[in-house]
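The chains carry the letters A, B, C and D, assigned in the order they are written, with residues numbered from 1 in each.
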Amino acid sequence: MNRVGKIAAKYSTLLILLGLIILFSLLSPRFLRFGNLLNIVDQSSMLAIVAIGVTFTIISGGIDLSVGSLVALTGAISAGMIVNMGVPAPIAMLGAILLGVLIGLVNGGFIVFGRLQPFVATLAMMAIARGLTLFYTQGSPISGLGDFYTAFGGTIGPIPVTALVLLFVLLLSTVILQSTPFGAHLYALGGNEETARLAGVKIRLVKLGAYAFSGGTAALGGILLTARLWSAQPQAAVGLELQAIAATVLGGASLMGGAGTSLGTVAGALIMGVLANGLNLTGVSSYVQQVITGTIFILAVILDMWTKRQRREKLQG
Amino acid sequence: EGQGEAADGGIVIGLSVSTLNNPFFVTLRDGAQDAADLLGVELIVVDSQDDPAREASNIQDLIQRGVDALLINPTDSDAVVPSVQRANSEGIPVFTVDRGASSGDVVAHVASDNVAGGEMAGEYLVEAIGGSGSVVELQGIPGTSAARDRGEGFNNIVGANSDVSVVAAQTANFNRTEGLNVFQNILQAQSDIDGVFAHNDEMILGAIQAAEAAGRADDIVFVGFDAVDDAVAAVEDGRLAATVAQRPEEIGSTGLRTAVSYLQGETVEDYIPVALMLVTQ
Amino acid sequence: MESRINVRLILKKFGLLFAVLFLMAVLTGLSPHFMTVRNMLNLLLQASVNAIIAAGMTQVILTSGIDLSVGSVLALTAVVTASILQTGVPVPLAVILGLLLGALLGMVNGFLVAIVKIPAFIATLGTMTLARGLALSYSGGRPVTGLPEGFLAMGTSSLFGIPTPIWITAAVFVGGSFILNKTMLGRYIYAIGNNAEAARFAGLPVRATTISVYAISGLLAALAGMILVARLDSAQPVMGVTYELNAIAAVVVGGAALSGGEGSLSGTFLGAILMAIIANAINILNISPFFSQILQGGVILAALLLHGLSRQRER
Amino acid sequence: MEYALRIQGIDKRFPGVHALKNVSFDVRAGSVHSLVGENGAGKSTLMKIISGDQPKDDGVLELFGEQVDFRGPSDSQARGVSMIHQELAVVPYRSVAENIYLGREPRKFGGLLIDYPKLHEQTREILRTIDVNVEPTEIMANLSIAQQQMVEVAKALSLNARVIIMDEPTSSLTDRETEILFRIIRNLKTKGITIIYISHRLEEVFTITDTVTILRDGQTVHTAATEDLSEDEIVRHMVGRELDSFFPKHEAEIGQEVLRVENLTGERFFNASFSVKSGEIVGIAGLVGAGRSEMIRGLMGIDPVYKGKAYFKGVEIRLGSTREMMRRGFAFVPEDRKAEALFPVMSVRDNMVISILERLFRIGIITKSKLVSIGKDYIQRLRIQTPTQMQQIRNLSGGNQQKVIIARCLALNPSVLILDEPTRGIDVGAKSEIHSIVGRLAAQGVGVIMISSELPELLGVADRIIVMKEGRISGEFDRLEATQDAIMQKAAAGGEAS
């Protein structure tokens, strides 16, 4: 078996990432600077964290479209608790995460008890959470968060705090997926729900867990975004759900469920970050950026499919 | 750092626009671009697509590119603050256009005042309907500063006038299609409407379509905001009574000229108002 | 379709029909302006764009696909058609060219899904971004305005007191139902949605069917865009943002399974009506914009749960 | 006498189907109790009720003298009942070990993490006891169907159950694995474990079971010690009538060559050359993984072909398009019904006619009445048990589903009919019906290719038998010279069998 091919298939997402990095460093001398690379990480971290949560739901064979609205809602509520109610920042942040988990559980509840398709249940939640955000903020941003909160949008030395949080989420989620019964059951459920049910896997609990986790990471994303903007925005993160799904898919997950890793998803988010940053540095107009982004997205997926197919054929041959 | 990388070593200016999906800002960008071409300055434009997170990233990227000055049209005055401060710490001068920044060091702010514009529209509308009657407010995307400020200005006037009542205040998200549908629905509920104010021209143009289709356009006074080409044409045709002109081209070019002057060592005012103007027939 | 299957379908549909009727009754009680002929026509008129897009989406979803690009395709075909019209090309020709462009863009989706075998969600997510970028580049981000009267008639004229877009919508649904229920293509669509692999083994034209379905979706998006442009006398490159989600919501509220093989156009129609009613009610009752999304999401959830319950009962 | 299970008055209805009517019988502890009956008799339904997978409408279950009412599969597992389902139930992209211990993984760190080393160790152990040589970490999807089936057996064993239900466990096993399974069953019996064994292969019933219960139309018609029954008696009870012969020899006139294949080569088959004449039934034998299905799929244009030619009545045909093959008069019943043939939520009728629509309706518009009469015709001719033509096919029993798929191919009126394991999971009655259908078609001049892993079947039906081994044709026998031993020799000798 061709060793290189195998590695290429396993890490095709990373290869695409590498390819883009090489391309852009040729196109712009400023791309490969340390500072710029840190920028990209900083810019992609929030998306990556939210996308890791979405990856959980996608592995289970579902999807979570509510994350963008949840980012806005949890950001607004944590900010509101601090600014309007004088709650200490750490408690407000924990509260926001709790709220995210809770709404995730509500999503999961609609799916497992209400038997709604995940796509629609979370689509409805997307509208509801956005509405709640507008209602809560009365349409105005909330600022004046204090140093503790905004520190999460800053750096420690040269390293963005968001990147450290991402690292933590990446490690935690990898352990959950690869080493815990919950993780194994999540994959099993996504691979063949009927079999998982017959094996006595607590399907409902596992699904609830996946959506709760996604809600939690969305809340974490909401906090980081708010910290980064020093204010909570009622219209924050509109459309983030599609970006998160795109990152997950670029990272090798299957929308059919049963496959995906958080490392892959982080690489997917970085691909999108590198693309946006690189196109900005090379000065491509914003309209054309969309054309290029759409095209590269499709090409990347084709490449990923192609390397995987090679690998599968090798495996069988 | 801080020196531009234009081939001839000339000035490079970064412009961050809140969204290029709206003709208003496209015109603003064009104004800046024309001025830049005239002055022989390189202009790099990035588009936040109304997303403050994207804006933060874009401005980071502009700083990476080593622009000499930043011209920012923020998606939101609060959300842009960390970006302004980041530029400040890199020693890059910041200028804001159309919308301001709540804090941070901004060399100059070039804009027309949206609250004042809302008041201007309100005053015109009240007078046009003869000092009393029922009016409708079509609001912009909830949570955006333009919607907030224009609504505030409008309500400052209308709310103070006990003879005028706002019978419906609904959002049509700065969008023409929604302006059409939402106003169509409002027409059903309100048999008596004397005037409409919309937070931008897109919505008012949609509303006019709805009223014309319902045969009620002649009874209603329409006032918009922005004076985009379509709206100015509608004013000329007499379909639209008035629109508040913000002169985005002027905002863009003044912003750019101000930045260049500053970089060339001149002193500039910290607030450069671009006068609002009511466009009527 | 008859006997057993029908009972089930009717049961399902009645759940939704009941929800719609119930909502209408409540609204009639809440506002005297709701249940008027004019408002009902309005409602249908406003539902028409979403309904037409959703009709195409239904066929796509029946094959277990999805088309996220409809909003962008709508915008791109709208600005292109409008600028063709401005060159003085006869209206029918411009309309046909616009519809063909929509179908062509749909075929690109179909090609990516059926031949390149990219999952539909991903393929159309890519073309969604791509087509939007093209629409913006093509128009320079500005609306295209000032279109010939003959074209505007598509959105503003009426026949027997009923606005033309409603007639167009009716034609799309009648034609679509005919295709789904009475033609080979319809059977193939259901078959592919049930089991694409089996369809291949059974010698069905899987690729051609899949490509047709996306082409129809693109064509209907273009048609919906034209109605919109005709109503507004303006084509804008930002039209149709998030329309894909509205259309999908209408299809799913109408009882289709996103996993494919199950669903009907009559359900989709009711779904689109339900969504239009909510938007209409918010305006008529002058409900705060801050609440409107909560209400929309809530009503959709309630309708779906009702469904879910009727489904559970039959097990 | 101790009873592992007492089944009393079980009743179960589905919409339109009364699946079980007052079913009662007892299963002795430590015995191998077989349950036989035609397709759709209710065997699987009864077992699903026993394992808690489906609720019963009425009746009482006693497990070792204690009345039970399981709320779900995990509930029954906890009480020592485990079930190997008729349809393979695997998680394709997870490891063998994770599949076997799904839901019961050994843990460490207070239950927080899975103890993977231990999981793999346990798996290796259990696989060794059933003689299956795969790595615990191997991804399930990379296993052959037979290997996957054996993993299912391992899963049932790993539960340490007191009662193990096996619903057609051998339907996708070859003789070798079947032997291993029987050895395991005997071994379990010595440990006092009770087995309920469902199979359509009566020789297995006689080889391995102690007691037989026969179900017909949802009712228990007979229970007796296996040794007191003859094959004919069982069949009579099952079908309620006499069957002439299991493998009715057909007398067809063998005519011109209809199909010739030369050097067909693809991913997993190499230089296959053979021919089929009109009226001839050609059997293809081989071990699982021999590449028979792949070769046929290549021929039918479903999988790519790298090299080779095929001729239909002397004219070369373009390979690579399934539709073109079907237009030429080829029809194909695939191996994996669920994955490759069924449109689950479509009606029986629509499933049946889907391939002939193009032929019936030139302009693409369907007239229902035509379809109704076709549906009626085939339901009658193949004795398909379904309440109406509009029943969703997923609600039919496996065997009846298979008949619908065969009807789909017959409706095409083929010149060459290819059947891949057409009688897998099919009851004796239906099997003999399918054999006689195939015979009749051959008599009408159709050329038939039939892949089967059941040698007696091939020996009974085929005029000629081709043997495949490791992707190549390794032998060919005329009906008169073919024997089980000779074929096995060609299928397995030399290389390792599977």
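To be clear about the criterion, contacts are C-beta pairs under 8 Å (C-beta built on N, C-alpha and C of every residue); 3 or more make two chains touch, one makes a residue touch a chain.
No experiment lies behind these values; they were computed from the predicted model shown.
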Third chains touching both chain D and chain C: A
Taking each chain's C-alpha mean as its centre, the one farthest from chain C: D
Between B-C and A-C, the pair joined by more C-beta contacts: A-C
For chain A paired with chain C, centre-to-centre distance based on mean C-alpha positions, whole Å: 29
Length of the line joining the C-alpha centres of chain B and chain D, rounded to whole Å: 70
Whole-Å separation of chain centres (CA-atom averages), chain A against chain B: 33
Residues of chain B whose C-beta touches two or more other chains: 20, 142
Of all residues in chain A, the ones touching two or more other chains: 134, 139, 285-287, 289
Residues of chain C touching at least two other chains: 136, 141, 289-290, 292
Pairwise chain contacts under the document criterion: A-B, A-C, A-D, B-C, C-D
Touching residues on chain D, where the partner in the complex is chain C: 15-16, 302, 322-323, 325-326, 332, 334, 339-347, 350, 354-355, 357-358, 361, 364-366, 387-388, 390-392, 408
Chain C residues within the chain B interface of the complex: 31, 33-34, 36, 38-39, 42, 45-46, 136, 140-143, 145-146, 156, 228, 231-234, 236-239, 279-280, 282-286, 289-290, 292
Chain B to chain C touching residues, read off their complex: 20-23, 26, 139, 142, 167-171, 175-177, 180-182, 184-186, 188-189, 205-206, 209, 213, 229-230, 233
Residue ranges of chain D in contact with chain A within the complex: 53, 72-74, 77, 83, 85, 89-94, 98, 102-105, 107, 111-114, 116, 142, 155, 267-268
Chain B-touching residues of chain A, taken from the complex the two chains share: 30, 33, 35-36, 39, 42-43, 46, 134, 137, 139-141, 143, 150, 153, 225, 228-231, 233-239, 273, 276-277, 280-281, 283, 285-287, 289
